[in-house]
Amino acid sequence: MLNIKTIDDTTINERVYQLNLGPQHPSTHGVLHLLLKLDGEVVVAAEPIVGYSHRGHEKMAENRIWEQFLPNTSRIDYLSGLIYNQGYCMALEKLCGIEVPERAEYIRVITSELNRISSHLLGIMAFVMDIGAFTPFLYGFDDREHVLDLLERVTGSRLTYCYNRFGGVRNDIDQEFCDGTRRFIDRLRGRFKDYHNLITENIIFIKRTREVGIITEETALEFGVTGPSLRGSGVNYDVRKNEPYSVYPEFDFEIPVRKEGDVMARYQVRMAEMEQSMNIIEQALDNLPQGPVRSHVPRFIDPPAGDIYFAFESARGAVGYYIVSDGTRIPYRIKVRTPSFSNLFVLTRILPGNFIADAIATLGSIDVVVPEIDR
Amino acid sequence: MPTEGQKKLLEELKNSLTRALPEGRITSGDYARTGYHLEVRLSDVGMRRTAMVMKDNRFYLETITAVDFPGSFELIYFYSTWHDDICRVIARIQILKDASPYTVSAIYPGAIWLEREIYDFFGIRFLDHPDLRRILNPDNADYFPLLKTFGKTKLTEEIDDILC
Amino acid sequence: MGPLSEFKKYILEILTGSKSLVIGMGITFKRLFMPIVTVQYPRRKLTMTPNFRGHIEAIYFDDTKSHHCVACGLCVRTCPSHVIKVQGEKEKAGERKYGQKYYIDFTKCSLCGLCVDVCPEKTLTFSHEYELAYLSRWDGVIDIMRRLEAVTK
Amino acid sequence: MNITQLPFIKEIYGFLGHDLVAAVIGILIILVFVPLNSAFLVWVERKVAGHIQLRPGPMEVGPHGILQTLIDAVKLMSKEMITPKLADKFLFWLAPIVIIIPAIVCFVVIPFSPLMQVREMNVGILLIFSFSSLTVLSILMAGWASNNKYALIGAVRAVAQNVAYEIPLLLSTMSIIIMTNSFKMSEITAAQSPVWFIVYQPVAAIIFFISTTAETNRAPFDLVEAESELVSGFHTEYTGMRFALFFLAEYTNMFIAASMGAVLFFGGWHGPFFPGLIWFVVKVYALIFVIIWVRWTFPRLRFDQLMNFAWKVMIPVALLNLMITAIVLKAL
């Protein structure tokens, strides 16, 4: 049943030595500390040590009013800030029974999906850089720059957006943004061919990623893995489809699934997901309703006492806000279920028996965002 | 609106939970308002039996959290499924402030970190936990930050007064 | 699978692999002659979008020849990081307050825009300043009223 | 034909004796050329990498940043040379010196043109091979002396990798040598006057190219300093001028590898219209460009794949190529 070995359990002998991968290391993307036990280059045991960028968002939430937690939400996972923003607003709208104009919902979906594309671009390209190819990383950044420009045009920021408000969004989108988004989608579709030629079909890349770091369905169940990492293991689970929120049921999109469960499968799922996101954005732009973008909401909201669990899909997996309100203007408790937290812990199970290089590739393919784990 | 399959799943789940937990109170949650379909209220034991039932039904453990209520902690286990018919079950356990609940990490290894996090934030010691250490806070910390008593200074109380 | 087909697969893998490598090199070679996409920053600057959110500043209104701040303190209360300090005075008894001093400690600001949203007089907006490196922490404290005066003069 | 036949130098020879003066002048030229060449190559690499990645590369110091590496060198020289507390101090100090010496010595036999060769030797190629294998000794010294796990893993990788790739490298060179019956660089060049050897020996050329890329620890075979795994590999702990020496050696080795390639497969100094020196340099820099281009295109191999590739693909193919060459030569 339980066969996780922490570092202290493994018998120390002369063959086995410890390697501190991080907290400052080129491929831990932030301040993640991976304590590896190695036999030669083979990992015997791995223990991720987290908490280096712990900021205490959950405690902060208990010391501020509901609105003031908004900027925090986009800082939990800084790569999909808009999605977290949207989720928090939707959770509270559900709790308070606030109506949101349809146009606002559409704008939220468009911006969230753009955010998902930018996050996946960064995730994939950083992963490819971990494998050793530096150039695709910068090509990805070139594309990501266009997404950030688009989002900056709407939200005013490039990373920590704080764009959603209770009852809608902060400001309307204009025609220029819609045209720019369509142009960007056309451009990205054209670039995909290059990405596939340069990365996906490259023999070295294939050799590095096939049958490496396999997460089985059973492991995923035991550890609560979600998101692209889960869909790479053959499970068709996406909160956007399984537990639809916002206006997602109105769009026609597929959930890409690969059944191999290896590093390559997770990469392919992310690539396919970007294409699906582009489909969603196009449909949303086509059917964008007119009307206000923000309903009338009191300046400071007073939710009724009660609790709510609201799940949504970020770029890394299923996120959940569990909110307990005692009827005052200050939250009683906000718990954020962050997908990277569960996804990272799987490493203790799948890394032993792999090479260091595979460990790096696996870590990159899970695409963790460390501040999301540390909160 | 719950679909047919969802109704069936909920019914089956309710039955098996009732069989496994005769002392628990199992109620249907209002999904549209609270986001969960089934709510299980337990006394301070029974979380491992719940976990076993949930695992047999191929549910995954979404997260565990605790809430610091005056006089007691409430441990909350969130189970969800990959099934097309979404079904979220939450199990609430009221425990006393100094109680030590059992771990579910033997059933869901992913709970090792989740329980470490709860220990880290609330100081709840899980029995039989294989590796109960601090996770996010420093190893030598002598505080449990999510307790309502933590960090309450005169200044924060003043700020609270201003805000409300 | 017989040894022959194994061997055939092996040869085929080498061939397709080499082809993929050549295609990859073709892509990078093509890029070698494409125009660059970066900007040599201090020499060339990009224009900011009109929606860009810098630190806040007061809007100048023509009707009062000044801002509309009434020092109500809503922005102070709603700010998550407590960066705003406002002081107002009543010029005559019975009249509304008028904002005299408005400071923000930009080093702590998280640029959420809640103050702009909450302002009842709609007298706050975002500046377009993005070159915000300071030599001292105190340079991050921005006097909004003085900035407004500088604009009006 | 060598440098001793230049008229000006001939007179000094009469005064001092041929061999000594030739050696001194040649070594002086090399000592000037090596750092300048490395500085230029670093600039080329950064420029090519930049343009491949749709950015301009260094632009600020000098026209198009051509003086950037000189400034970098000045910066590195002015930096503190840190020796880790638990390092093996003598070896740590020695390793950068050991790596730069073979790189310089190898220049002695490279024929830049019919006239420009410091020293003609009848075992020229063997000299290059034997001295360039000293590089791995230095890497091992650096990795071991640093007392750092990343450095040690990098050094151990370097040893295995260099041993494995030396074999196909020698085997592919051997096919040329049995065609020319000489180890002399100038004779091999001379033998290619109508047709370059790449026409007769395309397989050997490809094997040679891949092996030299691996021998010089360049991507996609840069496991020794694999950034995403080993931070910086064997020179993780090196700072200042010591680090610069490793850097210098890397680019000098690249130049030597490329000039070997030019001599063995691309006809050395042969070419129409222009003097031999220009042809030689153009060929060498073209080969270096390809090495750079490859580096900025491909991901890195894994260590076991690298070994598999050497032992299971490269060596059998090189052996087969050598056998076919021998049979064909015998039959003719």
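Which chain is which? They are A, B, C and D, in the order written, and residues in each are numbered from 1.
As a working rule, a residue touches a chain if its C-beta (ideal position, glycine included) is under 8 Å from a C-beta of that chain, and two chains touch if they have at least 3 such contacts.
Values in this document were obtained by computation on a predicted structure and should not be read as measured data.
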| item | value |
| --- | --- |
| Chain whose Cα centroid lies at the greatest distance from that of chain D | B |
| Chain pair, most C-beta pairs within the contact cut-off | A-B |
| Chain A and chain C, separation of their C-alpha mean positions in angstrom | 22 |
| Chain A and chain D: spacing of chain centres that average the CA atoms, whole Å | 44 |
| Chain C and chain D, separation of their C-alpha mean positions in angstrom | 48 |
| Residues within chain A bordering two or more other chains | 64-65, 135, 139, 142, 198, 202, 204 |
| Multi-chain contact residues (two or more partners), chain D | 52-55, 296-298 |
| For chain C, residues contacting two or more additional chains | 21, 24, 27-28, 31, 37 |
| In the complex with chain A, residue positions of chain C that touch it | 13, 16-18, 20-21, 23-24, 27-28, 31, 37, 49, 51-53, 74, 78-80, 110-114, 117-118, 126 |
| Interfacial residue positions of chain A with respect to chain B in the complex | 1-2, 4, 6, 50-51, 54, 56, 58-59, 62-65, 94, 220-224, 230, 235-237, 242-243, 306-311, 318, 320, 322, 324, 328-330, 332-333, 335, 337, 341-342, 345-346, 349, 374-375 |
| Residue numbers on chain B that touch chain A, as the complex places them | 33-36, 55, 58, 60-63, 65, 67-68, 76, 78, 80, 82-84, 86, 88, 90, 105-110, 112-114, 117, 121, 130-131, 134-138, 145-146, 148, 150-151, 156, 159-160, 163-164 |
| Residue ranges of chain D touching chain A (in the complex, touch as defined) | 49, 52-55, 149-150, 153, 219-220, 222-223, 226-231, 296-305 |
| Residues on chain A engaged by chain C in the complex (per definition of touch) | 64-65, 67-72, 75, 135, 139, 142, 145, 149, 152-157, 160, 162, 165, 170-171, 194, 197-198, 201-204, 299-300 |
